[in-house]
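First the structure, in the form of structure tokens, and then the observations on it.
The chains carry the letters A, B, C, D and E, assigned in the order they are written, with residues numbered from 1 in each.
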Amino acid sequence: MKKNLYQLILPAVLALLPMAVKSEYFLHLMILFLLWVVIGSSWNILAGYTGQVSFGHAAFFGVGAYTAGLLFQHLQVSPWWGMALGGIVAMLIGLPFGAICFPLRGAYFALASLALGEGIRHIATVAEGFTGGMMGIMIMPTFTSKAPYYYIALGLAVLSVLSIRAIINSKPGYYFVSIREDQDAAASLGIDTTLYKNISLSISAFWTGMAGALYMNYMGFIDPNVVFSLHDYSVMAILVAIVGGVGTIYGPAVGAFIMVAFQEFFRTGFFGLFDYLGKATGSPAFTALSGAVRQAHVLGFGILVIVVILYLPNGVVGDWEKIKRNVFRINPAG
Amino acid sequence: MDVFLQTLVAGILKGGLYALIGIGMTLIMGVMGIINLAHGQLMMLAMYVTFVLNTMGVDPYVSLFIAMPLLFMLGVAIQKFLLNPLMKVETILPENQVLMTVGIGMVLTEVARFVFSSDYKYITTGYADRTFYIGNISFSVALTIAFVIALSFTAAMFWFLLKTDLGRSIRATAQDKDAATLMGVNTGRITVITFGLGSALVAAAGCLLAPVYYIFPDLGGPFTAKAFIITILGGLGSTVGAIFGGVTLGLAESMGATYFGMEYEDIVGLTIFILVLLFLPGGFKRLTKV
Amino acid sequence: MLKVSGIDVFYGDLQVIRDVSFEVRDGEILVLVGANGAGKSTTLKTISGLLKPLKGSIEFDGVRLDLLSPDKVIGQGVVHVPEARRLFREMTVEENLVMGSLSPVARKKRMQTMEWVYELFPRMKERRKQAAGTMSGGEQQMCAIGRGLMALPKILMFDEPSLGLSPILVQEVFGIAKRINKEGVTVLLVEQNVRQTLAMCDRACVLENGRIVLQGTGKELSDDPHVKEAYLGI
Amino acid sequence: MSYFRVEKLVKKFGGLTAVDEVTFEVGKGEIFGLIGPNGSGKTTTFNMISGVYPPTSGKVVYRDREIQGMKSHRICHLGVGRTFQVVKPLGRMTVLDNVIAASFSRVNSMREARGAALRTVEFCGLAPVREVLARSLPIAGRKRLEIARAMATRPELLLLDETAAGLNPTELVEAIELIRKIRENGTTIVIIEHIMHVIMTISDRIHAINFGQTIAEGTPKEVAANQAVIEAYLGTDYA
Amino acid sequence: MKGTAGKAFVVVAAVLSLVMAASAGFAETIKVGVLLPLTGSLAKFGEIEKRSYDMAVGEINAKGGVNGKKIELLFEDDTGKPDVGRSAMEKLISRDKVPVITGGYASSVVAATAPVAQQFKVPFVICTGSSDDVTEKGYDYVFRVNPPASEYPNAVKSFLQGVARDVKTVALLYENTAFGQSSSKSFEKDAKDLGLKIVVKEGYQAGAIDFTPILTKVKAANPDMIYMVSYVMDASLLMRQSKELHINPRMFVGGGAGFTLPEFAKSAGDASDYVYSATLWVDTLPFPGARKYSADFRKKYGAETEYHGAEAYATMYVVADALKRAKSLTPKDVRGALAATDMKTAFGPVKFVSYGKKTQQNKLDTYMVQWQKGELEAVWPKNVATKKYIYPTPHWDRRR
């Protein structure tokens, strides 16, 4: 009962948000959050459920973004068609990607995917004639207001999470997890491990590509360093899932929320809290602290990663019981 | 012909330095089977150490003897307090250690940025842009020195691994951890020492690179990538392989730059990497058994 | 000499050893027999510290082995020749032998001991520059035993030395075990090869499902009806 | 034509010949035992039959079809199931989910798979622990789970690799029961076993190998009396 | 599972709203938003520009501010990434409600944020981001003080026409960045107009260790001129290795960016001698306050500034001027005032005009400078020259 209630309330709240909150800035952050829900969940189905830890998801994100951008720039294809095509092209890129990486296991898979992700960035940079190189692609955004983008992102996030949930609870999902747990055993149970790894990758690439295409449409500008960034997408996708909880349906969503909020917290010096305190008290210490906090946001990320891996290896959702237990032990029991 | 020879020399000299970066990585990967995505960042840190010492008037080649022990200690601390505890942690992804090194790399980079800002730092020495000529071919003095030192470090490392009990224990741990424990090897300590050694070696590479290059916080990433390529090319845990891998990568980059175009430099490296992963798992080591 | 008292051992949630106690007396050959998965190897691994008992204690000449870190056990003279040899495959025979003598005491006598090992196993001297992984199974077993002897053991524990060896070689290996025993080294042997081992040992324990179900001299056990039925196929 | 046969199967790993021209035939509905000392090549033979790796040479013929070199999953779909000597539970899935995953090899809908899995779990006596995570099962449970999973793929030929190892006497009896029950369902079984008592009571015929080579074949009685088997398997001084 | 996720959500949201509530503003200043990379790899320039903005505002406020009100700068860190830049832009517009925004360093950030300013109709005065298309989209709320990247080589072109007429062959080396790729393109076009032959054209990944291979190739081609678009450390390596390899063209020319920075001369040492560079600004230019700006900067911060700083400094004056003239402090009126800008600044005259495809783009001359004895001297056009150019460049082995 309670479970169903949450499932209804959360989307409803999210859907009504643009009407309740008039801040475009807040909506923008929510759009980024929803985008990360999609990317994190996509990464999670491949890595968290199928056990293939990809360090190259920027490839799919970037390919999706470039598909939408190039189609619009050269053929004036509507960005919304571009979005669907972005997902599909990302999926197609996934095929050679899988062919190269899937014969490899564990850390070697990770390395190969990293190399491919980086390789595609270099290619996009060098293939100036086709991609516009580092000068990037700039298009005029379709909408002047945030709300449509917000709803599209929301739709994308809800669809991707729900579809992934549906898949996880059906045959392919069982097969994915079997592959994650033991490839040899899985094969002996009649699971075509290569095929199902590729299916998992395709789903993952599709949604990531869609997210990339939405990014293109929303941001209006991309270049290879932006959308193929190892750190900003490949690694960040991992962190989002890890922080939230690998191999859980809603973990990446929680992780996305934490990461986006965390970044903005630090970037703005806790939303100007320290600046405000600095002005209110006239103490230069707060101003200095504010500066330090702003400076340190990537450092904060790094420390967050280390702390999470050491103490919450299954993420906030995966280790929620542990968090609860520890918090309660400290509080009422004293 | 001159173009070819000059390219060859450039590639080999650069390869010596790469080899030194690679040995540290190959040790760490070979012994512990973990991928250290913070390897280049450790080198970056060593370069800052060199830089700071240089502002105090210490020559980069002298600072080798300060940076190496410092980074050794840092490596020891990282392995002991951050990586070893992970072995006991139960998670879905065995790649947690890799992710941990990502976090460590981020922290190292940002700490460097915090302290030194994003500015490019550089070290000026009397010999940094000296050259000598053999025929028409120029040799950069600094790179040549780096090459010689890199080779001697590799030789020393080779001797250490082959002829000392500690070196043997490291190799034994890499080959069979439990059996090594039964022989009285404290494998926990060995992994710590190995990570320290790997860090010290890449620190040496940093000190040698500092006079010919420049220093900035984001420098680590590309060198981590190079270290992988070298390790995979040479084969895990193989010092000789690391030299081979380093020189091969150096040559491939130089030849690629001359005959394909310099913008393909990284693509060439990555292509070799993937080809070796797919078609020669085990790398050079598998061909020669050393 | 070696006293195992009431140990319980787990792999994760899984209990593999239940309340096992036995004693190895100075100078004897004791055999642990039992089927695959009965917990024989686990017992040895627990003695040598690779696994820690959740309950119980292991004492050797008054020292609590279960409280030592695993790398310290060999220094007490308790040496484990593991199942499937576990040589360092990419190292030469000589290097493998050297790996046996890392403790300060053994290190001092390294050259002497190596001579002795070469005397015991002339084949090893011939092959000393060969990579251990490239030798045949029998040779590898010799090397593994040699490596164990390099540590100057007071008690040598063999885990299934007959594994994958031809009958002639098995006999040779058992012969070596006896010979080592005659030189004053206590031997603890783990075997599936029940008949032969019962014949050569002083005493034996039968392990089933992580428990000791029978103890006695080799002779007693080979006459035991249960052993006869379950292990000798009679 | 035989139901299932292995012809001159060879497997080399580097210089080592693990299986050397092993040949045997299994009739439909038989329980066929495969014995030999540790490291004699039994599991390697199973791995080649079930497609874990291709044989270096030789044939595996199942219902008149050569299946050597096929991928594991295809062989499974043809009706050959197997268990692993070193059990491979899908650790972070429940017992039931393990079996559901296997059931999907025959059905596509979740409902059917679940139904089939429940029946299989019941059949194999795992019903009381079906919601338990596979990795927290004790050894006997894991062995059962191996069998249940293999059964869920509805095999006509089942390869059992040391299913009885590590079981206590009561569990042994139960395991033998289960294997018999499976055979009564019409499944042909090839079984590797170390525990003489089990293999002798259960098998119709036994094939003994040592050092990868066939040393004897026949009824349990014949094999037990065979000189080569006694020497290789039970030890020379038995003679 | 859902329950736990929901709870986590609620907790974090509560903390978030608490902090947001705490940050209400203070009144009675004119807030101006500034978008700069203050962390990340571009932070160095963000910092120079931030200091220049601070300096300019300090001066303006000291003289009574704008119509009696003081200007308050709200710096937002874009970290050099477009999505973060966009967060910052959105925040300035919808939370801080500033009437005008300035700054904008990385081309990618500018490209992603300019449409936002346009959509919300808040004027955005760009001081540095140089990719051409930003002012080619017809955005009427976007202004740019600095010239677009394609115009950087203009002075080089006129130098080639006026002085170096014997240059017939060129080697073109450029970093694979937005700036490098677009500059190289426009230089290629110029070279074609002038009838020059491009004998080597190579892009490279910024941050290379060793340029020997391409320089060897350049040496073999023996061009009359080497044109390099590089950032400071690559520039320094390129020159050091050119010296090592004894490459002797008639001139080495940098296409802006790294070649004018003090670090270039320091780290390249004497290899930097006689190197030309295109630039947008040097403090010796006859613009009001140019010298004073760089002197004050040095005095105040103990560091050197360069053209990026001057852009920021001048842009702040442009913004202040518009705020002064605006009928009211609504974005719309400020935009109107900006469009009517016509003033002289330390960076040169500023007037937003339309030409070609561009709109509201300030049109500026570019200049040639040359390193002579460790000093950066303006040498071209002649009317602004502080020293006469030294041409051709002496051979390496004939120097000193």
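Remarks
Keep this in mind: a residue touches a chain if its C-beta (ideal position, glycine included) is under 8 Å from a C-beta of that chain, and two chains touch if they have at least 3 such contacts.
Note that the structure is a prediction, hence the values are computed from the model and not measured.
Any chain touching subunit C that also touches subunit E appears here: B.
Between subunit A and subunit C, the least number of touching-chain steps is 2.
Distance from the centre of subunit B peaks at D, each centre being the average of the chain's Cα atoms. Farthest chain from subunit C, judged by C-alpha centroids: E. Centres computed as Cα averages put subunit C at a distance of 31 Å from subunit D. Inter-chain centre distance (subunit B to subunit D, centres taken as mean C-alpha positions): 48 Å.
Those residues of subunit A in touch with two or more other chains are numbered 122, 125-126, 247, 295, 298. Counting partner chains per residue, subunit C shows two or more touched chains at no residue at all. In subunit D, the residues that touch at least two other chains are 92. A complete list of chain pairs in contact reads A-B, A-D, A-E, B-C, B-E, C-D.
Residue ranges on subunit E touching subunit B, taken from their complex, read 39-44, 47, 176, 202-205, 207-214, 216-217, 220, 232-233, 236-237, 240-241, 243-246, 263, 266-267, 269, 271. Within the complex, the subunit A residues that touch subunit B are 47-48, 51, 53, 100, 103-104, 106-108, 110-112, 114-116, 118-119, 122-123, 125-126, 180, 230-231, 235, 238-239, 242, 246-247, 295-296, 298-299, 301-306, 309-310, 313-314, 318.
Within the complex formed with subunit D, the residues of subunit A that make contact are 169-171, 174-175, 177-178, 181-182, 184-193, 247.
Subunit C meets subunit D in the complex at residues 12-16, 35-38, 134, 137, 160, 162-164, 166-167, 170-171, 192-196, 199, 208-209, 229-233. On the subunit B side of its complex with subunit C, the touching residues are 165, 168-169, 171-172, 175-176, 178-187, 289.
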